[in-house]
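Pasting the structures in now, so scroll down.
In the two assemblies presented below, subunit A is common to both, partnered first by subunit B and then by subunit C.
The block that comes next holds the complex of A and B.
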C-alpha cells in the first residue's frame, strides 16, 4: 500500500568514509511523497552524514542518489535546492549579525529590487505565524540578540518559506532541541499539516516519544547502516532503543533519583532574578540538584549567568559561597575551544591548580584528562586529539569533565543535553547523582521536562521571574506548563 | 621521513625556508662572497623585529580586532627616555633601561585603558594613542639626537664568534615567550580568549586581567626595543621605530600566527624576521631602486603568506 505512492528520494548503497572511519556503510533509503520519516540512532550512527549527503554538502563515496525517479550523478547543494530538498541543521546556520528578514533573503535570491526587505519580512513573518502562533519575533530583530530557542524557530520557519524554488522535502535535524515543549508541539503539529499536503519530511530526534508520535515510518541507523525500517506503529520505545543498540531502556531515572538519601548541607546559593518583584528566590543547599524549568528563554539562562558573575564579586540579590563552574549548552559559542585537544579543553578550568613552580604540569594535565575520560566515558583513542574529532555528545561530555574535574562545588548547567543521545544522557545522569551525593550542588536548566525527574526540586520561570517552586512529588509536565502561564494573568 | 613530514607540517618552517632561499639567492648573486657577514648583520637587525613581534604576537593572539598600532611611537618615546635618563653615562645604564621599560609599560597600560574603559576598538585606540605619544616624544626630546653611553652602545654591537649578543638575548626571549604561551596560566588564557572569548569567560579564564597583561607586555617590549635601538644606532630619534609598525605585524603573520586569534607561533617570528631582513639585503644587493624594492617586498610578503597559509579552515 505504501509502495503505491511515488518515491521522492531513493538512496542505494550509499557509502562515505572519513579516513579509516566508515561513517556510512552501504545505506539504502526511500522517502515517499507525503510521509514523515523518523530517523533515529545514537550519536555517531551516521544520521548527520547521511543528511549531509542528501543535501549535497558531502559527496558520496559510492552508491547512487535518485530524486523523483532520475539518477543524479552530479549532485550538489544547489542541485538539492533546485530539486526542493532543504535541511534545518542541528548547528544553527543563521548569520547572527543580520536581521531575521535579511537571513530569509539569503535563501531567496528572487527577493530583490526596491522593497526586498519588506517582502522578506512579510514572507518570514507569515511563516512564523503559521508555525508558531504567538511567537513574538519581529522580522527586524537581529538574530544574534535572539535566544537560542527563538533562533531555532527562525531557522525552522525559514526552511519552510517558498518563493520560486520548489519545496518537497524538509530535513529537520533535532529541530526541537532548543525549543520548550509548547513550541515543540506547535512545530510538530505543523509538520503533520505539511506532510498532509503531500510533501515529505525527515525528522531526526533523540526524543523517541517525538519520533514515535509524529513519524509515519521510522528508520533506525546504527554504525553507518540502516538496521530497521518500518511503519511507526510497529515500534514502541523499547523496541526502538533495542534496535538502536544502546543500553537497555532505563525508565528508572526517576526511581533512582527518588530513592536518594542524600545529605543536604548548608545553603550555598541564594539568587533572586533581577526582575523578581515578590520575595521568591532560588535557594540551593550543598548536595542538592535544583531544576530550572519553564518555557525556553524565560530568564533561566540569565539567572545562571548572573550567578556565575556573582561568584567573582558581590552582586545585589545573589549570594554564592563556593567556587562554581558552568557547563554550556550552546557548545560552539559558549563551550568549545576548537584549536585545542580534548585534554586541554578539559584542563582549562583547572589550570591554576595544575601549576607546579611557575609552569603548568603536563603530567597533571594528562592525569586529569585520562581520569575523566574513564569516568565519563569519552570515546576517543587519544585525549590529545583535537576536540572537534569527537561527536557532539562526546564533546558535551568533555565540557562536563571540565566542570566536574575542577574545584567547583556548585555546577551550573545551561540546558547541556540539547541534541545529545540517550546513551550519553544516562551516563551523565548517573555521574551527576554521584557527585551530588558527595556534596556538590547542581543548578540545572533544561528544556526537556523528563530531565527534571533528576532534580530534588524545580523552580519554574516565566517572563524573567520565578513563578513556582515545585518539589519532586508535585512535578508533572502539566504543572510546569500551567505555572508558566499562570503568571500571565 | 616521518620526522621530516612532521617538520614540514609546522607552520613556522616556511618562514625559515623562505629566509634560507633569499640568503642563498643573494650569495649566488655575489658569487659566494659575504654569506657569513650577511647572516651576522641579519641576526642583529632581525632581533629588533623579534622583540616587538613577540609583543604583537600576544596581542594578535587575543583574538579578532586586537592589535597594537602604537608600537612605533612607543619605541620612539622609549628611546628618547632611555637616552635622556642615561645622559651619556654608563653608571645610569640600568636606571635608563628601567625608565624605557616603564615608559613602554605606561603606553601599554594607557592603550588597555582606552580599550577597556572607553570601549574603543583596539585599532583606533592604539592608533590615536600613537599620535599622542609621538607628540609627547617631540616635545620631550626636542628633536635632539641624544647619544647613548659608550658602554651601552658597545654592548648593543657586541659579538661572540660572529653572533651578536643581542641575537642570543632575542633567542632567550623567544624561548621564554614560547614557554609562557604554552605552559603558564597566562599563556593558556591568551590562547583561550583568542579562540572564543565568551567560552573563555565561562570557563573561568580571567579575561580582563589577561588582556591588560598582554597590552602592557607588548608596550614594555616596545620600550625595551626603543632603548636597544637607540644604543645600536647610537642615538635616539622620533622616527627610530617607524618601520616596526608593519614589520611587527608582518613577522607575526608570516610566522604562522593566526590573525583570527587563538593560535600563536613563536619560532615563526624569528624565521619571518630573518626572512624580511634578508629580503631587503637581497633586493639591495641586486641593486633595485627604492620603488622596485618596495613593490617586490609587498609582492613577496603576499606570496609567502599565501603559500605558508597552511591548511585552510575546515568546512
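The block that comes next holds the complex of A and C.
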C-alpha cells in the first residue's frame, strides 16, 4: 500500500561529516505525498543536519537526493525553494528589525513592485488567521517587539504562505517549543488539514506525545542513522524512547519526584508580581522546586527577572535571602557568549572563586569545566572548543553547569528546556532533584506541562498575576489550563 | 476553550509600549534639531531667515550625503572609517580632472564606486572586519588625494557651482536638498522590496541566506551605495567651497557616524533611519559652527567644543532610549 503512493522526496545513502564527527552516516529516507512524518531522536542524532541538507543550506558529503522522481545533483537553497520545500528552523529565521510583512517578502522574491507591502501584509495576515485564529498579530508589527511565542507563530505562518513557487513539503523543527498548549493545538490541527490536502510535512519534536498524536509515520534517528521507521500506530511512548536509546520514560520522572522526602528549609524567596492586586505571592523555601505555569507570556519571565534584579538591590514586594543564578530561556540571545569556549562559558558565573591574584586561574577554570562536563554529560571532545560547536541541547547543559557550578543557592529557570531532547531533559531533571536535596531552591518557569511533575508546587500565572497555587497532588494539565483561562480573579 | 485567549490583553499592551518607544526614538532626532534651532534663535534671532539658513546650512548637504553613505554601511552591520578621506579624494578629482578632462574624471569617480563595491565583496568573502579594511583604505584614499592635488587649489566645474549655488524662492536650497535626499533614500531603503532585503541582511543575515538571497550581493550593494553617496558628498562639497584640499573631508568620518547614531540608527541589527540620518547631519552641522559662533566661543576652542556637543547629544539619545526601553 505504501508503494502505491507518490514519493516526493527520496534520500539514499546521505552522509555528512564535520571533521571527525559523522553527523549523518548513510541515511535512507522516503517522504510520500500527503503524509506527516514525525522525526525523533536525541540532540546530536543528526536531525538538524538532515533538515539542513533537505533545505539546501548544507551540501551532502555523499549519497543522492531525488525530488519527485528526478535526481538533484546540484541541490541548493534556491533549488529547494523552487521545488516547494520549506523549513521552519528551530532557531528562528526572522529579521527582528523588519515588520511581519517585510519578513514575509524576504521569503517571496515575487513580492515586489508597486503595492508589494500591501500584498505581503494580506498574504501573511490571511495565513495567520487560518492557522492561529485570534492571534492579534498585525502585519505592520516589528518582529523584534513580539514575544518569542508570537515570533514563532509568524515564522510558522510564513512557511505556509504561497506565491508563485509551489509548496509541497514543510519541515517543522520544534515548531511548538515556544507556543503554549492552545496555539500549539491550533498549529497541529492545521498541519492535519495541510496533510489532508495532499501536501507533506516533517514534524521534528521532542514532545513525543505530539509526534505520536499527529504523525502518520515515525522515523527514529540515532547517531546519524535511521534506526526505525514505521507507521505511527506501531509505536507507543516507551517503544519510541527505547529506539531513541533513551534511558527512561516519563513515569520514572513522576516516580522519582514523588518519592522525595526532602528537607524543606527556611523561606528564601518571597515575591509579589507587580500587577498582583490581592495578597497572593510566590513563596519558596530552600530545597523546594517551584513551578511557574500558565500560558506563555503571562508574567512568569517578568517575575523571574524581577527576582533576579532584587538580589542586586532592593525592590518592593520581593525578598531574596540567598545568592541566585538565572538559566536563560532564549539561549542564543541571553545565554551563551558565542565567541567563548565551553569552559569559559561555564566559568563566567564563578569568576570570584577562580581568581588568583589579579588573574583568572586557567587551571581552576578547567577543573570546574571538567567536573561539570562529567556531572551533566556535555558531549564534546574538548571543553576548550567554541560553545557553538555543541548541539543546542548540549549548549543548554553548559548553561545549567554555569548556574549549578556557581555559589548560587537559588536557581531561576526561564523555560530552559525549550527544544531540548528527552535524554538531556532526564539527565537535567535528575540533577535538579539532587541539587534540591542538598538544599538548593529552584524557580522553574516551563511551557511544557509534563515538566511540572518535577515540582513540589506550582504557581499558575495569568495576565501578569498569580491566579493559583497548586500542590503536586492537585496538579493536572486540565487544572493548569483551567486556571490559566480563569478571568474571575 | 475560548476562541480568543485572554492572554492577548497583556501582550497587546506590551506591544503598545514597544510601539511608543519606537515612535519616541523616531522623534528624538527631530527634537534635538528643534533644540539647536531654538538655541540659535535665542542667541541670534536674525539667523532664522532665508539668508541665515542658506549660510548656516551651507555645508550641511555634503555632511548629510556622507552620513547617508555611512548609513548604508551600518545597515549591513559594518562601519566605514574611510568615508572622510574618500570624500576628500572625490573632492580633489572633482576640482581637477572633472573640470579639465571630464571623461577621465567621470571614469575615475565611477571606478571609485566600483572599488567600494569590491571592498564589500572582500569583507564578505574573506570575513574580514570592516573596521580594519576601511581604516587601511582611508590611508589609500588620502594618499591618492595628495597625488591628484599635492597643494590646496583646483577649481570646481562651473556647472557644479551653478547647481550648488542655486537660489530657489522662499525656501533655502540646503533645506530643499535635505528633503530630497531624505525622501529618495527613505523610499529606496525603507519602501522598496529589495530595501527590505538589504535591511534584513543586517537584522539576521542567516535568515536572508536561507531564503535564497545572495549575501555577497547585499554587501556589495550596500558598500556600492556608500560609494555613490560618498561621490555625491565630495562633489557638492567642492561645488560649495569651489576649490579642494586633500584633507578637506577628514572630519567627515566621525561626523557621519555620529549623524547616523544621532538619527536613531544603531551599530548592529540593521536598524537605521534615512530621515533621521539627514536630520542628525543637519543638527551636527548647525551645532558645529553657527551655534558656537553665536555663543562667542573663540575659533581656537570650537573644535573641542564641537566634540563636547557631540558627546552631550549622543549621551542624551542613549539615556532617553534606555529609559524608554
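As a convention for this text, the second predicted complex is superposed on the first by the 484 of 489 C-alpha atoms of A that agree within 3 Å, B and C clash if a C-alpha of one lies under 4 Å from a C-alpha of the other, contacts with A are read in each partner's own complex, and residues count from 1 in each chain.
Rule of thumb we're sticking to: contacts are C-beta pairs under 8 Å (C-beta built on N, C-alpha and C of every residue); 3 or more make two chains touch, one makes a residue touch a chain.
All values derive from a computational prediction rather than experimental measurement.
Colleague: In the superposition on subunit A, see if there is space for subunit B and subunit C together, and answer fit or clash.
Modeller: Clash.
Colleague: Looking at A:89 after the superposition, I want to know if it touches subunit B, subunit C, both of them or none. Which is it: first, second, both, neither?
Modeller: second
Colleague: Thinking of the overlay built on chain A, is A:438 touched by subunit B (first), by subunit C (second), by both, or by neither?
Modeller: Touch partners of A:438: none, neither subunit B nor subunit C.
Colleague: For A:126, decide between first (touching subunit B), second (touching subunit C), both and neither.
Modeller: The answer is neither, since A:126 touches no partner chain.
Colleague: Does the superposition put A:402 against subunit B (first), subunit C (second), both, or neither?
Modeller: first
Colleague: So which one touches more of the residues on subunit A, subunit B or subunit C?
Modeller: Looking at subunit A, the partner in contact with more of its residues is C.
Colleague: Once the shared chain is lined up, is A:328 touching subunit B (first), subunit C (second), both, or neither of them?
Modeller: It touches subunit B, and subunit C stays clear.
Colleague: Does the superposition put A:136 against subunit B (first), subunit C (second), both, or neither?
Modeller: second
Colleague: Tell me which partner A:471 touches in the superposition: subunit B (first), subunit C (second), both or neither.
Modeller: A:471 sits against neither subunit B nor subunit C.
Colleague: For subunit B, sort through 127-135, 145-153, 181-189 or 271-279 and name the stretch that clashes with subunit C after the overlay.
Modeller: After superposing on chain A, the clashing stretch of subunit B is 127-135.
Colleague: Sort out for me which residues of subunit C touch subunit A in the complex.
Modeller: 1-12, 14-15, 18-19, 22, 191-194, 196-197, 199-200, 202-204, 206-213, 269-271
Colleague: Per the contact definition, I'd like the list of subunit B residues that touch subunit A in the complex.
Modeller: Its residues touching subunit A are 179, 183-185, 188-189, 191-192, 195-196, 198-200, 202-205, 262-263.
Colleague: For the complex, give me every residue of subunit A touching subunit C.
Modeller: 55, 57, 77-78, 81, 87, 89, 92-98, 102-103, 105-107, 109, 111-113, 116-117, 133-134, 136, 141-142, 145-147, 150, 180, 182-183, 295-299, 462-464, 481, 484-485, 487
Colleague: Can you list the residues on subunit A that touch subunit B in the complex?
Modeller: Spelled out, the residues of subunit A in touch with subunit B are 308, 325-326, 328, 333-340, 344, 348-349, 351-352, 355, 358-360, 362, 402, 406.
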